[in-house]
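Following are the structures in question.
Each of the next two complexes has chain A plus one more chain, namely chain B in the first and chain C in the second.
Moving on, here comes the complex of A and B:
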């Protein structure tokens, strides 16, 4: 039955106009973005889309995500139901009943069932927002109990209720034959027949128009709200970074150019699409070490600010007028503050939990690039850091000639092209930091014990430039990267082992952009492999270190997905599996030193390393095992600050080397 | 207004120094070079003055030395100097402060500079004589060890660091010369566009022979590390054991425990 095709048609047209105008107004702004090649590897992208959009892989990673998955899958089915509703409303002769009966009945049953599921899920969502909202559901500008969020839920609930109402009334009037296939609607029919026996027709009309109003209202509201993600999430996942977004794109240094993101138009179109795909779910906020320790950085707000900035400035930028709201400046809905931009540890937890594959980290770095390269505006501590890197190629500004000072305790041979198998890339911490030098010695002991052919570049080794790149000093990083790549290529290096996940990721992932493609291996992987292959035989099982808990380094774990190797090595060395933090593996919490945070003061909020060390102490470990020099420093400092003298920090190499003692 | 900033390239002081073959200065081998720290304050202050005066002054940077000093000249240009003079002298390290000052004065005397800024001293030789000697030769007023600087209508107001934490304020009419000390300012980190622009700025090369007409007044005769007198003692091992050993040493070699 279709009450008034003409009226409905007019309303539909009007709604479609509002919908399309809203979509155009927003989505056309994406074209302001810079080019980004995201049209390659279609097969891989389709796979990613299927996995993360249709299979909701990331969404169901959290318990309540199941509720979303139910709504999502139901929506796919209800798309058909509502398509039928609209077509039938316009052309009364159109009906699904024209389909073969079994198919028609199956569809009716599916519609009825998923409508009930959706109603239940929406009620759960309602209750969650109203009565037990998780803190991460609210950010500075979007609250859990926002009118928008509740309105959208109400529209969906109304749509479902109206669906049952109109089908119930139809059944009660005997105008719908499939009662057996519409169990929920049949229940509604009984209710309608019992309560409104005389006005079934009116009930039907009321419900039909209510259904139409909810549907069209939803359509109008959609592009204006975070529910835009219904349209943008799937393409955003399709265009999402393939593999890990663990590095940043290169910058083109042309004369007279502008570097980094000064305005929203300096982002790529994909960066801008990310803004419209954000669902405001708050998972990044819940995972971010800065947001969790009371700093002004909230990755969700950064994305929200980019979107708001685009909506505000986009139309002006398109006309060639200057932007009004700055990208980085005083606190505002369309602006991230400098504190925000400098708080990021680039740990990647935001990206790893994002259900729609938003890439936060490259955007942070692009904003930093602008601040450093165009404005020369950065926390004052970084001035010395940058100058140390430029002048002495290490963060501390120690004389490069001291790079081999850890050698005297052990026999270190220079790397010889064609003769030496592994280049041991010691790294700045391993060469200069007094604590990490002990790890270098442990590594050398292990390499010797396993009988590997290895050598170092000695005083010729330079810093890899990891912190420079994450801090946005791309110009200096590029020079260092080029020099290092040339040095490694001229030295005919084929295999590199590093003890620092930052050297590891930079040599492996970042230098690939500069044409370096060789086997880079982190020491945890190498040690694990040597132990498993019995090439490294321990003299004893390591028991002196007591209970060992393993802390995942962000750049080893999340950014390069090495979770098992260090755990297996610990198992083989100590005879039992290491203990785990409350947040471990993919959910590991940053030590606070990545992304160049190591070289800055931490003045806002709780110290990230204390948060992490407290988490460790809950498990009462004797030893915290790390695999990164930054984590080493942060954990040791945290233990000192908390005066937890009973717990020590050891690098994995030290734990294993302990087993080599006679 | 014309401003001159004199800068020197010095070795990274974190380096390990070895005497050169003649044994009169350090060897360049394995050394990394940078701008003398005090000269960075001079460049920064000159650039700030230029900004204060609405870009009106012309800012010249001068450095004496071998080809490698072009690196620090480029940094000064990237920080905001307009043009540069490189006095080419592969043997600058053998010249005494009097000769260096004479070279600078010989260059500056006909140029009509209203203000000359130098570092208080160089980090390597540390004579602290060049700036004041240039002022003396040119016959212009001079204030040293500046920790504060302001300029208004032809007068420089300079805050100087004196002994024991005292400060003094002096006023100088231009033309004048000032030497800059730590605490005057924080030198800027050049922006990338300015680094790129600096590549196009003029660096005039002047052979030192054209400017140097005077003989040295002092000659460095020897450069060497201090002779070793005794050595430190590093104790290692168990703490309880260490304590006993320290007490033993104190009793044996000092009077404190007797």
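Moving on, here comes the complex of A and C:
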């Protein structure tokens, strides 16, 4: 007796209907999003998809990710097995045995072994959720021991057990000839034969229907749960940002327009797809400097809120009705609070660890854009910052005429078109901040010692506008960007060197959107190159700074992938490789000042800079080497707060300039 | 009811330098800003608009480029903006300025009843604090100067009660409309313009009234109507500072020494 194909067909049809309806209900909401050009560079996108989806590159970056990779690859293999199961259920005459025998046997062997692997992986996952859940597996609304998570694992486990049961019964009945190719099922066959010798047929039928029920149940549940990522993760990776998502798209300012994201409908379709692709793995939560220091921001929850908001409001928005829940508002599953949105340092760690390439940071900025530009709603400290930027083109509101006061004793030439090679873009901190001015002087010393032709824009230099853009004040940023691009083009600048990763990324990546395309290098790259080329010769090896540990700036490292240059320069200057933080390189932890956080108070939770400085002190360094004015301030403040007087902070330029002393 | 806010375009004084030869302000290349005290008057008016639905007009006397100041006011939400600009208004002192502003307010009052006139307590370029009271005197309005809090506004009985910030004390006073109020910075936190308001203000109308509209006697306005003459302007010599204690090696002792010095000179109080 074989299972009734009609009954199975009817159940399959019903399940497919539930599955398709669920998928349509959710995925059709994505069409509410704004346009976003993500259909270019197909080859590169396919490569990205292969690397991150099929090769599970990011997933296996964490130890337990291996378990996921096993389940993922097993799923691909078992897709064939289940295809066979369904076809055989509908058309009993269909069988893989119709294939050439070697292929058939190979497949049977693979299915059998992979099912065992899957079962083991699922049991590990069960145990992890139940007995040793990592804190980052739980967020405010999704817990490690959630019914949904355990239910899905149960379905998969059931599917595997039923698989062995039905094949075991078949083997015991002598209906399946390939016992040699089904080692695990052969074990099951022994068990079945020993326990139910008289009712093998019933065991077979029971297991077959159990297998069918698990398969169809899984199908129905899939689009209702976070396991929808099985369907959405691969396309999300395909459409993911190519290269680094280190800048924001421009906005078009026209009368009657609306700016930033107030409701889910203001996001792009890709932003919305991100919500459905999130697997709630919690890696972003584990990497986020705000989440790690007890602030309300949890990047995973932000994405979860966007998805929940879309499910709640999408159908209303489609009918032209207003959304019932804003994106930013009182605390709730479908909204992020203002504190959440303003806590982001835009360090990019969430994006760099996301296995499915979700872009969190641009969404934060879009929500900020709405708050600043449409509602004039932002932390009060930012009012003075915004006015200072507009009125005096620097964060502190210092008179622009003071811009050249960092070099009272040294001769700095103005940049001359056609004559000067490098424009040294001093930056606001380099020009006004008393500590960073010392770095500017060190830079000038290095540039002179290397015999480079360089100059500055003097009092005409303006702020690059980095913080404005990350804070969502795109309107004022655009004005400053246009002015700066015009100034740089009129001055016929071809090469710029900056000492600040924020100036660096803004001039290099953001201004490209305004037609500026020139060579922008960060001083760590230039110094490293000058040392390597022996154009910069040190008078002595720098030893009096003791043991040096290097802190990666987010906008130099993660956002622009410059990790080696500063380390090589330190190696050449001090004679040995710098020490490393526990979290370094791609996993470096923010100092807490990026994304305009420099200009805001930090009231919630532990201070981010203290967290980072404590991490440094674990390595007992004499010197923390930085490459960014914000990191400089945050590290120095942190050391003062912790009264760690034995450790000092030096910019890379200062370390190298030390070697130029006679 | 209309609230009139008098605002002035001033040079950003933190960036102003004095020409050592001519003893005049070097204004070349110095950006202009809205007089900071006036931004608080503007905010106070806009808050009354938000609460009571009053209409707000911003007026400014100045050269044609002072239009930018009025556009800023428009971007913040004032209903109309009037620039009082004419060559004959130029070179005015506080008296002549009050005459021009007074006439403009009288003309506005004919269009729509004026209940309040708001000014900053003073401008950061002239620092006289005379124009507000000058207007009140000429208009015959009650004057409430140095206001740091609006206690109550009763639009039915047409009264306003405010707190004045005086040396070492506060004073709560009440006056009937129409009244002239000058405000200090503590009154409020000025709002930040939204982008739609900025874009709308870019081509909103700024009405220009010259003396053909105001019809003032030229002997009472501009340079001719100004009895005050500035004979000299100069930067005071700054006494050279001194280094107190040894902050590098003993910062605590240096800080204590500094505090003692400041206390002994009565520059700080415990």
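General observations
We adopt the following convention: the second predicted complex is superposed on the first by the 660 of 662 C-alpha atoms of A that agree within 3 Å, B and C clash if a C-alpha of one lies under 4 Å from a C-alpha of the other, contacts with A are read in each partner's own complex, and residues count from 1 in each chain.
Throughout what follows, a residue touches a chain if its C-beta (ideal position, glycine included) is under 8 Å from a C-beta of that chain, and two chains touch if they have at least 3 such contacts.
None of the values given here were measured: they were computed from a predicted structure.
Taken together through their common chain A, the two structures put chain B and chain C in a clash. Of the two partner chains placed around the shared chain by superposition, chain B and chain C are both touched by A:383.
Of the two partner chains placed by the overlay, neither chain B nor chain C lies in contact with A:123. When the two structures are aligned on the shared chain, A:97 is found in touch with neither chain B nor chain C.
Annotation: chain A residues 253, 255-256, 259, 372-376, 378, 380, 383, 386-387, 391-392, 397-401, 475 touch chain B in one complex and chain C in the other. On the side of chain A, the complex with chain C involves touching residues 253-259, 372-376, 378, 380, 383, 386-387, 391-392, 397-401, 475.
Partner chain A is touched in their complex by these residues of chain C: 12, 14-15, 17, 31, 33, 189-196, 198-200. Of all the residues in chain A, the ones that touch chain B in their complex are 253, 255-256, 259, 372-376, 378, 380, 383, 386-387, 391-392, 397-401, 475. Of all the residues in chain B, the ones that touch chain A in their complex are 12, 14-16, 30, 32, 34, 186, 188-193, 195-196.
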